[in-house]
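Attaching a single structure in structure tokens format; questions to follow.
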């Protein structure tokens, strides 16, 4: 019985009923997908998606949402924030363009992430129009994200490649585990910032594309279909990627906020005014500081 | 069919197919065309392990459910059936007693069958000899077997021969008049049987009475009008007796032989006015000619619930009337299903918008033309009424007049009772329970008297006449060439007073044949013969004696009045096998064929059509559309299932012409016309043929005519009509168009 | 099913169990059996509330093909509101193909022709029934006188009722011509 | 909960002739908008001798419905008789149910500008939704509630060849077994479709 249907499924790919609408999901692939669901040789994406979505994603998101702030709360309580002198010179690090781009992306994040969480925990909010509204906001604010992420990538990418300092930085976790003001090995951007950059840009592109796929749902890209990936499997893969990556982005987003707002007192001002405290640069971006010194720019 | 044994109709019923042990289907696709009827085929498979054999040029959905499938070259059903008969006679599988007692001239068929050995059949039909042998053995040895056909068999220039050879095959096997046997023609539209019985036909009056003076006189008196008045309505008296134009060739009547069209013979005039009621005339072969005909009319009147696409097709600028007719749900009346059983169709709602029921349109026109009183007089006769009630009085009028097919029992009261109590009947036999005991559902005709049970299985001698039994009809005389045409000894229906063959009953022979004595009063009231006996004394007396009013005769395998007394194979006018055309040429041209000179051999030999047009063109139906599709394309759900016209084409054939799946292609016909359709790859057709559905209209030769629809009446799907490219060719007897055996040429568009 | 899944599911049902059911036993038929073995109970009156109060069921026959399937039309205040299942019809046993299942759309289709129209000078024009019939009959009358009755062709239909077909044939005969035909030739 | 107490659909591929009666009956009975096919008929291997089959597909009302498991807003509920239903007021149209569904059953009508999708729609086994039974709102949102009227779901009732069966799963199994047995094709006890998708959970 089973083998018959597998056989049918294989042939069905090439010779299916016409008249079925041109839909990429409910059209001629429908039977092939039904017969091939969770069968040997299939991608098993439907099953994995069901498993992940029903069992893992919610707890993971919840874990990150609660765990990361909790960890920081402990960090704040035990180690406390870094406070740098405001008396020394200020170093101009972010141009107006940098700051505007960052602001737009910040706004989009502030919209996307909470609305995304509302969707993930939709049952908590009771579904319905509020969650539906969040879904729409989630989709529309992606446009803001797109217009900020592209210039951001090009304006910072040259400093974002891996450097020997990054490994050292990672070994000492950026020096955040104590309050010693020992210079931390880092260039203009430290390893943490670099990770966040790559996750936000490349990860962002992935989030945008998977999100767009899920948003428009019923379309057909020949290039993907030519790899033998059905539309429904593309959507399943998109959902898995979107949610898994979402966990990472949420985590680093929380880190980013904690760093800029709490862990380093006043760090947020640099993104408003463009100036960083000299001491902050000297300690947290020591290689960059050295470089500036050599160039006699300070 | 009628010329073989008396009546041209489905002999058994759909439910009865469940009794069959083998089912052979020629040129029919019940899974698509009669899906609900097809459930009985599938049940036969489960109940009896019946084998389904499909013989068809394309692999249909019916074939998908069949046990055996033969891919036949279009138009070669006769060689195939002769191939079967050849093997049947050779192996002695035929029913010798049945043939001796109940069939005339089977020996001549045997002679012809000898010519068709399996090798030869393979050459002509394309069906492998082994397969033919296998199928014939199976079919001949699984009795009872039922034979199914539909338009795939009839729509040929040799259609009438096809429909004669199929019954001969059943007669040879003794499969007639049995439960699970019979020749079962699946009718198309819902009331093909009823409308045909009422003879909306140009060659006969209602009830197949013909056009003779006697018939006209019978009808004049039955209708309550003066015969001379009726005669005066006609051009001259001789035109009363002449067949009129047919649906397939009326356009020739407009064109009057001009521009090289076929000549006509029509009372000194060409056609000026065309009145159409509920007929998708865009589904007629050679649509370009239909358009030309429409363009040259004085007036075109179209009555339909939807816009008849003839109004869209024509370029005529003036005097095109479209009248909103009510649907059948907005009026009531009886409807005859394919198995000759009537059902009462109740009115569901009042006509919507400004629509009017067909009869009201007719009555209004008759008033204005001055013959309303005459038209409706017949309804008032029975009870001598002042006024009539539609449709009950019309039903009763029909029951009063139509004796030939035994509609006497079809009174409005009985038909209504049947439909109201449809839950009291058996699915397979149609027998009634409880209150309806002793009657068959829908009173399948012949239903001889107002108490008769109806006859679910024609020519069944295992039942008494009162319960629907009968022999073959005595219609063709008592003897021919010295051979007795009455049935053999002992082959009368059960319980008959006369156990042998006997002639049809007339006033003169009734006492002798039935062995009774009539009273003086009966003698005064009785009609001349059983067909015109409005007193119904003949039928009543026959019932008492267990005898059928139409006699008990032999079926005839030879129809001596036809061009081919024994059915012979003749290639289609446009044949893909020029070598076979020489061997099996078509008929000589026929003058004045339903008032039109019609070409056969001259068309066939005009040139070697297959050189320029090498591909067989086959038309067919889709499950979601019906006829010209006018009604169904107006439903958004049905239209969505097939939103556009397409052509089934084998990928290998398409590849040669550079046609991709889903791309557009042209189909050119030998008539010089063409259509542009979407190609759909399908393995259902082989590489030498293409298949197109015929339900679309609204496009013409690549041009979209949608803008011609009045506002808000455009159906949800429009497309090219298949009949723009169907070929010239008409049956020699009935003039049915040859839409299933044409040729075409394809190219990438 | 694994116990954990079962428990999870059970919990879900417990939480959201929704009990609006009716006695479906009456509708139990051989083919679509809805047998009552504990999953159904009789419905309360509130639950069976008729969606179309006061409607009546009219038995009629499908107009698609010659099988002659039964149709039950539910009519409320002269409006055909719903197509019901003729489960007890001896030929169709409630079955319909897509055409039969959608018969109601033939009546209520939005693209129906709603009033008589005539094409004049290439334009569609609305007109009254009286005007249309007067004009048509005037033409038929004059052609009858001028060219003879054989100048007209009548095309009837296998979609008509038997009575209509009979009267259409009679109409042509009384107009004076045998030029009448319909779809079925053999 | 055992299989025996659940209502199920089953399409007998030996009988289904692909006439689309079920899908049109469904669309018409529930007056579905275009583009929503609660039920769909698919023919596969069309034109290939011996391999052509047609099947009618809709929500199979799975035993442990994956759609219900993945729904982020918990809009699904399963009736005691096993009919899987959902609440359109809660649904957000995220389509997770579609990704989880092995049968492609959830449908999303085009809704509003930019071709965005509206809330999910699927086969209700003619059992309506959570609104008041046979109320106008229920009819608007979910179509007819025939189960409450004591009627069979319209698709199976109108199936032309009685290929599509609905009812208690044991009962349906029995009918299927009877047909197979009487056709002399050997014994196939479990109809295809009930265990493939949801029985695989380990």
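Residue numbering begins at 1 within each chain, and the chains themselves are lettered A, B, C and D in the order written.
Just so we're on the same page, contacts are C-beta pairs under 8 Å (C-beta built on N, C-alpha and C of every residue); 3 or more make two chains touch, one makes a residue touch a chain.
Just so it is clear, the structure is predicted and the values come from calculations on it, not from any experiment.
Novice: Taking every chain's C-alpha mean, which one sits closest to the mean of all protein C-alpha atoms?
Specialist: Minimum centroid-to-centroid distance belongs to C.
Novice: Count the C-beta contact pairs for B-C and for C-D, then tell me which is higher.
Specialist: Counting C-beta pairs in contact, B-C comes out ahead.
Novice: Distance between subunit C and subunit D based on Cα centroids, please, to the nearest Å.
Specialist: 25
Novice: Express in whole angstrom the distance between the two chain centres, defined as the mean CA positions of subunit A and subunit B.
Specialist: 71
Novice: How many Å are there between the centre of subunit B and the centre of subunit D, using C-alpha atoms for each centre?
Specialist: Chain centroid spacing, subunit B to subunit D, equals 40 Å.
Novice: Which subunit B residues sit where two or more other chains touch them?
Specialist: Touching at least two other chains: 35-36, 39, 623-624, 636-638, 640-641, 682-683.
Novice: Which subunit A residues sit where two or more other chains touch them?
Specialist: Residue numbers touching two or more other chains: 15, 18, 21.
Novice: Which parts of subunit C, given as residue numbers and ranges, touch two or more other chains?
Specialist: As it turns out, subunit C has residues touching two or more other chains at 92-93, 95-100, 102, 105.
Novice: Under the definition above, what is the set of subunit D residues touching subunit C in their complex?
Specialist: For this pair, the touching residues of subunit D are 1, 4-7, 19-25, 28-29, 63-64, 68, 74, 77-82, 85, 127-128, 130, 133-134, 139, 144-145, 147-154, 156-162, 165-168, 170-172, 175, 199, 201-202.
Novice: Residues of subunit D touching subunit A in their complex?
Specialist: Spelled out, the residues of subunit D in touch with subunit A are 18, 35, 37, 40, 42-48, 51, 53-55, 57, 66, 69-75, 87, 89-96, 98-104, 107-108, 115-117, 119, 188, 192, 196-197, 200.
Novice: Okay, in this complex, where on subunit A does subunit D touch?
Specialist: That would be residues 1-2, 5, 8, 11-12, 15-18, 20-21, 25-26, 28, 30-31, 33-34, 37-38, 46-47, 49-50, 53-54, 119-123, 125-128, 131-132, 135, 214-218, 232, 235-236, 239 of subunit A.
Novice: Going by the contact rule set out above, which residues of subunit C touch subunit B in the complex?
Specialist: 58-70, 73, 75, 78-80, 86, 88-93, 95-100, 102-103, 105-122, 124, 129, 132-141, 143-144, 147-171, 173-186
Novice: Quick one: which bits of subunit B touch subunit D in the complex? Just the residue numbers, please.
Specialist: Touching subunit D from subunit B are residues 31-32, 35-36, 38-39, 42, 45-47, 49, 59, 61-65, 69, 623-624, 636-638, 640-641, 648, 682-685.
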